[in-house]
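Two complexes are shown next, each including chain A; its partner changes from chain B in the first to chain C in the second.
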Partner chain A sequence: MKCLVTGGNVKVLGRAVHSLSRIGDELYLEPLDDGLSLRTVNSSRSAYACFLFAPLFFQLYQAASPGQDPLRCKILMKSFLSVFRSLAMLEKTVEKCCISLGGRSSLLVIQLHCKYGVRKTHNLSFQDCESLQAVFDPASCPHVLRAPAKLLGEAVLPFPPALAEVTLGIGRGRRVILRSYQEEEADSTVKAMMTEISIGEEDFQQLQAQEGVAITFCLKEFRGLLSFAESANLPLSIHFDAPGRPAIFAIKDSLLDGHFVLATLLEPSPHSPELRQPAPPLQAPSTPHPDDFANDDIDSYMIAMETTVASEGSRTLPSISLSPGLQPPCNCGPNSEEENEAEPSAVPGTPPPKKVGAEVEAGVGRPGRSSLRNSLPPVPVPFAVLRLRPGRGTLPPGPQPRAS
Partner chain B sequence: MPLLNQQIQDEKDYSLVASLDNVRNLSTILKAIHFREHATCFATKNGIKVTVENAKCVQANAFIQAGIFQEFQVQEEPVTFRINLTVLLDCLSIFGSSPMPGTLTALRMCYQGYGYPLMLFLEEGGVVTVCKLNTQEPEETLDFDFCSTNVINKIILQSEGLREAFSELDMTSEVLQITMSPDKPYFRLSTFGNAGSSHLDYPKDSDLMESFNCNQTQVNRYKISLLKPSTKALVLSCKVSIRTDNRGFLSLQYMIRNEDGQICFVEYYCCPDEEIPESES
Partner chain C sequence: MKFRAKIADAACLNHFTRVSSMVAKLAKTCTVRISPRQLNFILADKVASGGVSMWCELEQENFFSEFQMEGVSAENNEIYLELTSENLSRALKTAQNARALKIKLTNKHFPCLTVSIELLSVSSSSRVVTHDIPIKVIPRKLWKDLQEPVVPDSDVSIYLPVLKTVKSVVERMKNISNHLIVEANLNGDLNLKIESELVCVTTHFKDLGNPPSASADASHGRDPEQMAEVHVDIRKLLQFLAGQQSTPTKAVCRIVGDKVLHLDVLHEDVSLQYFIPALS
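Up next is the complex of A and B:
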């Protein structure tokens, strides 16, 4: 893979990396025929982000060397970010940026050509990886908001930096309301201030949602995308469904598109009675892909995030599956018994269970307790977490342990 | 400054008397070498040299020549004492480190001799602060024996070109490798960190390059933790001279222009970290 970014686009790329760095610790770089994709997912799998830069974004774009399959790689976000750390510097001194993968060296090489002929070469080590792909479909979300990023950026500005989550809903008179979300157990100093912003319908380019709907999601990731969208002066679309189902934040122009998929809290805040709506009726299981999870009705609350496997069958399992140490206490969900049966258990000495997201199942039915923060401990989480799983056919041969 | 003069009955008693209208002309230069607590001061009739060392591998010298001071008298030569640099800098900025525009802090500095404290009289807007700093037994400083006749490669760069490079150094790398060569890559800074390696190349015909005199390819590694403090001098400077001698010792000379447009120099010496096997270089 080889691509060349010039002029102001270097800064655009840098900003995209900055906003991705708000989410995950690892960056998945995948050259595709329709552009270069940068993706990340956070450690608790509650947020996923991807940017796709179209070939036209680059002065030169070559997804793969002729006659070769495109390579994809996973690198530490921190090391990639360090190349683009100073946006001011990118703007002031960098004239072009050349990214190449899979040359003679087994390194990701990023070359910055700066003013005065100075050339910076970063040789970053990377890991082979599977494609990271969240399964989501904005078209399936019944509710859509679209507004200039500037409007939303200014709307979230008054929220304190430490605030973790924000509730977005449609209030009376179809006004769009953004309100700080507070946990029931938050201490009084945090509870001391509640911020609410209300924006008239007329400021939105699209508002397709009835009064009373509301979702609660993480502010930090949202801010990350907003700052990118603001700098690119793009409108931001928010596609969402019932609380607990992921919300999709999307930006698009002719050269790039970006999607952030964030988990939402299962129940709206009890502090917002007028935003509350009756709990969504449980739908029939509607997993995006019928598979071995089909009998698991919790799946309807999740995004199935699929990791497709490259052509070589011998590849190791995706490293994005959660460690087996995260088995939650299983006495709290109404479905817990069923769940246990469906879950391979972590028997010492056997292959670790490859199904992830078990903590989610256990946590359903305990709304409003935990937060969406990245540093989530492996305890019950009251909302849908993105599900990552290996592609079909990647499970190692051998007996799959099942709970007795 | 009649008040200040009253306090010094007889200037003949002092081995060092120096006064300065703008204390920042001194404090700025001292900050450029402030990476250790203690410093050794040498005063001759030419000025004051302040030396800070670390790990017997790196030495920083700040030269404040006599001309920077409005008054400068040295009775016996050389006047030598060791002092707590942190405390000295705290005292010099006792009226604030970033004063309001138009106000200057004046300084009068007196040292009576071995065993006596260093006296500082700082005055701003008619307010005088008197500081007495205990002096310590001077320590012998390292002699790097860096002789210009042994210099193999020498580059003078505009500091602007190095500033960003130094501020963004990958600190997970243990060493900074400096390549100076008459051929490509001419001048290269490399780090080898957890995430991978980085190289920063400066072509010899770059506008940042004031002069380029490299006679022989040299690749030397220096402990990054020892060189990083020189960033303090780098950010203040307008030009930097980078020299290496036949033993691979590094000399960094920073030209610093003070608020009155006078030129001062800060110099860093550093030992190379290790011999690099031929195959790697």
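Up next is the complex of A and C:
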């Protein structure tokens, strides 16, 4: 494989690596006939990301030497990122970047041709690997939301950098709502600040979802893709389904496309008594309403506070009655083919992680589900795990942008 | 107990945001006192906070276009809340370029101060950000610990030089010593001094001027050349200096001999008093 990136595209490539580096520790580089693909998956297999750079993105693109099968490789994200670490340097000094694999040396060679004839060569050792391929299909997701990356970037700005997860949903009046997701710990006395932003439907290019649907996903990975999409000034589409099903974040233009597949949080089922809905459904009183400022139910609060003054030891708060959410426990729907052949999962709606892992790591047997679960780092919430399948280099069809 | 307020003016909003970020730099958690005329940010003199205390005061009518409150009772028409000052500051920072900001006391999932911000967006549509800041309502019997501190009679009071200069001096001194000696006299001289086994560094400020002293002051009849001094924790002073982002209208430093360093700052219509206890 040999490819040559020139001019501003070097920085684009660099930015893509930066956003991939927010997800996984290993980068899968695979030259395909329809372009160079860079993919990664995180250690708990709850997030997968891929970029596909079309042959036209490159000055020169050769997937394989004539008469040879294309090679693919797995490298440490850290070492690949270090080549593209400084975006300012890429922009100012690098004129072209040449990536080659499968030459005489068994190394991935990245050459940066800089100003004044300076040439930097990075030789990265790699491992052979199977193709990394997550099973997803944007077209199967019933809900789609599309907006300029700038809008979504502004929407996540108010959230604290340390916040792990965010809930995205459609609220009253078809307003798109993003809200910080807090795990409810029964004994925790320290409450975190809850932030919520609500944006009118008219700011979105496409909004195909009914009121009341909501998903919760990791903010860090989303920010990663957003920063890429913002710099490329591309619209971002979010394809999603019921809670617990993966959400697909996609960007596309003529030279590249990017897909981030993130697991979403499986909401505790509303009828299990010990798991209270962490936040009221998206019809919360904070949803803007002309008279909201004037007519909130402050009196119930007042009573509680009077109690506090009298006996500060035992604080009794008025019980907030939470309706069990607009979202019905939706693990229904016609299951896909893969799902039918899957073992029944313990958690309804969670895609069974049976295809994960071993096959990706070049066909070392199939681990039992329990061992896989054990190998996961502690995930505090029942996140669905993504399924990956060993593929032979065909990407699933990208999202078809629909006319709004 | 009710409280709701609104800021509609951009300049007021920016000013209020600055105050909140200053408070966040000075205190991790603070008490907000809401009364019909004033809003106070209070840090009580607790051992946990190293004995530092703060009293920040602003007239509500200078900031809010709407301000309604109802205290615990008619004769105790006040509300005392405790919150994480970082939360308030972070919430207000998202209000830059906002059309309007509303603050109210609510009880959503827990008692909170809800900051609701109407942002300007490119299209005509409204975009609303809401922050629910968790609070603890402070019961009435603890109010007595949260009253305005009595300014002690000082030995010397002196106008401070430009705070940025003081900050850069103190910042460098911090690398050498944890203790700072602040010395001043009634002749307009202020010295900042550190001493270690190897070195003694003093920065002298001259002709700073002294505010006219009240007649009951301890400084009455004092030799103008005689220095009053106080040893303080250098980090505490630096914390105060780091919080002062704009140049104050007035900044006075009062030394109460080996008891306390009292910093009294006025930013337009916000007054801040900061007390750093003396090290023995």
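Everything below uses one rule, namely that the second predicted complex is superposed on the first by the 268 of 404 C-alpha atoms of A that agree within 3 Å, B and C clash if a C-alpha of one lies under 4 Å from a C-alpha of the other, contacts with A are read in each partner's own complex, and residues count from 1 in each chain.
Heads up, the rule we're going with is that a contact is a pair of C-beta atoms (placed from the backbone, for glycine too) under 8 Å apart; a residue touches a chain by one contact, two chains touch by 3 or more.
Bear in mind that the values here come from a model prediction, so they are computed numbers and not experimental data.
Look at A:S43: by the touch rule set out above, it reaches neither chain B nor chain C. More residues of chain A are in touch with C than with the other of chain B and chain C. In the superposition on chain A, contact of A:M194 is made with chain C only, not with chain B. Look at A:P160: by the touch rule set out above, it reaches chain C but stays clear of chain B. Of the two partner chains placed by superposition, only chain C is touched by A:D203; chain B is not. In the superposed model, A:N123 makes contact with chain B only, not with chain C.
Applying the stated contact rule after C-alpha superposition, one finds that A:S65 touches neither chain B nor chain C.
Of the two partner chains, neither chain B nor chain C is touched by A:S100. Of the residues of chain A, not a single one touches chain B in one of the two structures and chain C in the other.
Contact residues on chain A toward chain C in their complex (touch as defined above): 157-158, 160, 190-203, 279-280, 284-286, 288, 292-293, 296-298, 300-302, 304-306, 308-309, 312, 317-318, 320. On chain A, the positions that touch chain B within their shared complex are 75-76, 78-79, 82, 85-86, 89, 93, 107-108, 116-125.
Residues of chain B that touch chain A in their complex: 161, 164, 168, 170, 194-203, 205-208. Partner chain A is touched in their complex by these residues of chain C: 1-2, 4, 6, 72, 84, 87, 90-91, 94, 102, 104-112, 114, 116, 121-134, 137, 139-142.
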